[in-house]
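Going in written order, the chains are labelled A, B and C, and every chain counts its residues from 1.
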Amino acid sequence: MSIYLLQIINGIGIGMLYFLMSVGLSIIFGLLGFVNFAHGAFFMLGAYICFEISGSALGFWWALILVPLIVGAFAWLTEKFLLRYIYQLPHGFHILLTLGVALVLQEAVIVWWGPIGKEIAPPALLEGVVVLGSFVYPIYRLFVIAFTALMALLLWWLLDGTRLGSIVRAGSESTEMVSLLGININRIISLIFTLGTGIAGMAGALAAPIRGAEPFMGVEALGIAFVVVVTGGMGSFGGALGGGLLIGIVQSLMSTIWPEGAHLMIYVAMAAVMLLRPSGLFGRG
Amino acid sequence: MNLLTHYRYTLLAIATVLLLPVMLSSGSLATEVLIFALASLGCNLLLGYTGLMSFGQGIFLGLGSYTAGLSLLHMRVPLLVALLAAMVVGAVAAAAVGWLSIRRRGIYFALLTLALGQMFYFLAYTLKDITGGDNGLLNIPRPQLSVFNTTLLPTATQWQYYGFVALVFVVAFTLIQRVADSVLGRTLLAIRDNETRAAAIGYNVKLFKLIAFTISGAITGLAGALYAILIGVAPLSSIEYQASESILIMTVIGGTGNLFASVLGAGLYVLAGDWLSTLWPRWLMLLGILLIVVSLYMQKGLWGLGAQLIDRLKPRRAPRDPSAVKRKQNP
Amino acid sequence: MTVAILEAVNIVKRYGKFIAVNGITLSVMPHTVHSVIGPNGAGKTTLFHALTGAVPINEGSITVDGVVVSHLPGYKRVLKGLTRSFQVTSLFPNLSVHENLRLAAQGRNPVQALHLWRSAESLTAAGETVDILLKRLNLSAVATRAAGELSHGQQRRLEVGMAMAGQPKVILLDEPTSGMGIEDIGDMKRLIHDLREEHTVVLIEHNMDIVMDISDTVTVMQLGQVLVEGKPDEIRNDERVRRAYLGSMTDGDSA
């Protein structure tokens, strides 16, 4: 098997992780029209909580279940006590407040766990590698691909097949209309924010055995989430999926062809999409 | 009396410059306050006056540092020429960044500046031969201020350099204040208030935004140059995302209603950072909390808070309409 | 035979397959009030946007006093003598009424606004225009208040005032009385009627009372085309117009 094929598989793995990390940001933007600059920090929080739980008697599998719930709870509290009060302010303040939250989370993590990154071992079941042609590939990463694909299906069913999903999609067109239909839009907003951010936390937990947990991974994650969401298309599930996969694969291939350029390429792609096709490559127009 | 009110902000700037040496024992810290006040002014011109939230100010800060560093190291230019070169490079870069970013509005504009910032960071990191990469440009000399081989102002010691920077700062502040008060500045305010309407009454909004960007780039480039000459290094960190973020935070905390507010914001950021970081290395958490508080309760920043307090303390008069634009009384 | 001051010839605007404006020709005579009416979906708003430059046209030409403006962006049309008001009030809410009008008056000469060293007050031409306008709009008393604090009626008058300040040849008004109360409407009618002296007015309105009262010419649109055009009395009694509206005609409030 050629190195390129391996990198593409790798890219799909990374891309699915990017999708999971970014889909919440995308849908929250679609629904609320605001960008959560603390999204990456919640991703980071997920990684740290995964470190804590998988290192305890409960182990990794419990971490995978509990992390999205715990991060979701933090998100719910943030929305309830902070974000709710600034929706009507100009966008600039949304950015600033969530920047503040991100800073607080980042420093809190350092206070609790120290400034040096932590390593998380994958669970015993998923340790080791599998042989693909002349290359070896970590089993854990295959698991990540399978798990995120499952989550993607679940999310897609949630959005497309349930009443809640249609409310979300309607709400992203017009929150006024939705509230006129008698639906408590505040509860929906809170639910969506909790869900979208909880998923990002779960992505952090999944990424932890691969990347570890480190206080500044939130800033990096936010940058990538922005790139994914913008190139794919803001406010759209398909956009996050398509964008995530594209960016993951491009990054992976670049690491073989031109490693230093990988970081640059994704931002060039982001700028290009914003200038030439602002609705994104896969999003609705 | 009219002249005093007309120039009240410049007087405040002069007062600040005279006060800092009294308050602080470190000349380089005092200089840093003024340098970042300049950077914050540049950011405020875009944010407070034109309504543009730029995540790319680090680009111009970094480019200013590199330009000054390179011109002083390799071409041994006089001090003022290095500063001027930095301003020109900053202005040109800002015109380019602006020209691209202005094509989009709102969050897309902000994200475009962020993406462009990352690209410039990458360039700075990779072109190690020019920028020194991770290490930055080292051993940047600090020439005296001299004309035709006569020294006008020595800059060797901390406080001597502070004196020079203070002069530059006051001149720059006066000029920027003049621009902000001019008909151009008033048009920028209109664009901030309602872009669509500004276009509908005949203004080429893109051109005005571009001009604001260019001026902002020049000031920020100047700040970058002064910084590199202060610490003797043109660091990579000036062009990193964190620098852009910090400048934005300073500007907002100070308050976007008013140029002098930027001086307050920068002062708070630099001084609190210096003082608090020795007490508690996690002082950034307090900054984060301050950002949250400002967003929730103090959207006009410290300046707004101060103005509110002063209003409360003033003897009761007929209430002044706070949101009417101040009409200058013509002398 | 006088020459039209605003000439829109064969305007076509398509949105994908949907043709919003399908070959409209409009000749507006100088110093008249020319209303454009029609049921919802007739394409009035799209035509309006095409005239102001907010949307580009697919075919046709627009000429103001002999000068072709068909493909000029909106802000450049102001210099050619074409200004507009907004249906949903769009002022500078945090700036004073005086400043709102000054900006609009200065917009006639935007190059002057590029001076980064001159104060706005030194450009006296605009200031004089503003003082006259304030009196005419009956807004002198609130000149220093923020535009966002005015009553709805006052804001609608300021809307029209902003369009007047640029000393235009043709003023395009988009439902100027939208949301206004009875007393304010009377003032607005007089204001628009008086505009004929120095300018030409093109009006989109849903309020038939006003249209019939102050218009010199009425153009009725339907489904992107001109149905009929003529004096208010002719239109009022036209069978085709009645059929076109069939229930969607309003009589006092905006639809």
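To be clear about the criterion, contacts are C-beta pairs under 8 Å (C-beta built on N, C-alpha and C of every residue); 3 or more make two chains touch, one makes a residue touch a chain.
All of these numbers come straight from a predicted model, not from anything done at the bench.
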Arrangement of touching chains [line / ring / star / complete / other]: line
Chain at maximum distance from chain A, centres defined as averaged CA atoms: C
Chain occupying the middle, per Cα centroid: B
Chain centre separation in whole Å, for chain C relative to chain B (CA means): 42
For chain A paired with chain C, centre-to-centre distance based on mean C-alpha positions, whole Å: 48
Euclidean distance of C-alpha centroids - chain A vs chain B, Å: 34
Partner chain B, residues of chain C touching it in the complex: 52, 73-76, 78-79, 83-84, 86, 90-96, 98-99, 103-104, 106-108, 110, 112-123, 144-146, 148-149, 162, 165-166
Residues on chain B engaged by chain C in the complex (per definition of touch): 178-179, 181-187, 189-190, 193-194, 196-205, 207-208, 211, 215, 321, 323-325, 327-328, 330
Residues on chain B engaged by chain A in the complex (per definition of touch): 47, 53, 100, 103-104, 106-108, 110-112, 114-116, 118-119, 122, 125-126, 241, 245, 249, 252, 282, 284-285, 287-292, 294-296, 299
Parts of chain A lying in touch with chain B, wherever the complex brings them together: 29, 34-35, 82, 85-86, 89, 91-93, 95-97, 99-104, 106-108, 110-111, 219, 223, 226-227, 230, 260, 263-264, 267-268, 270-271, 274-275, 278
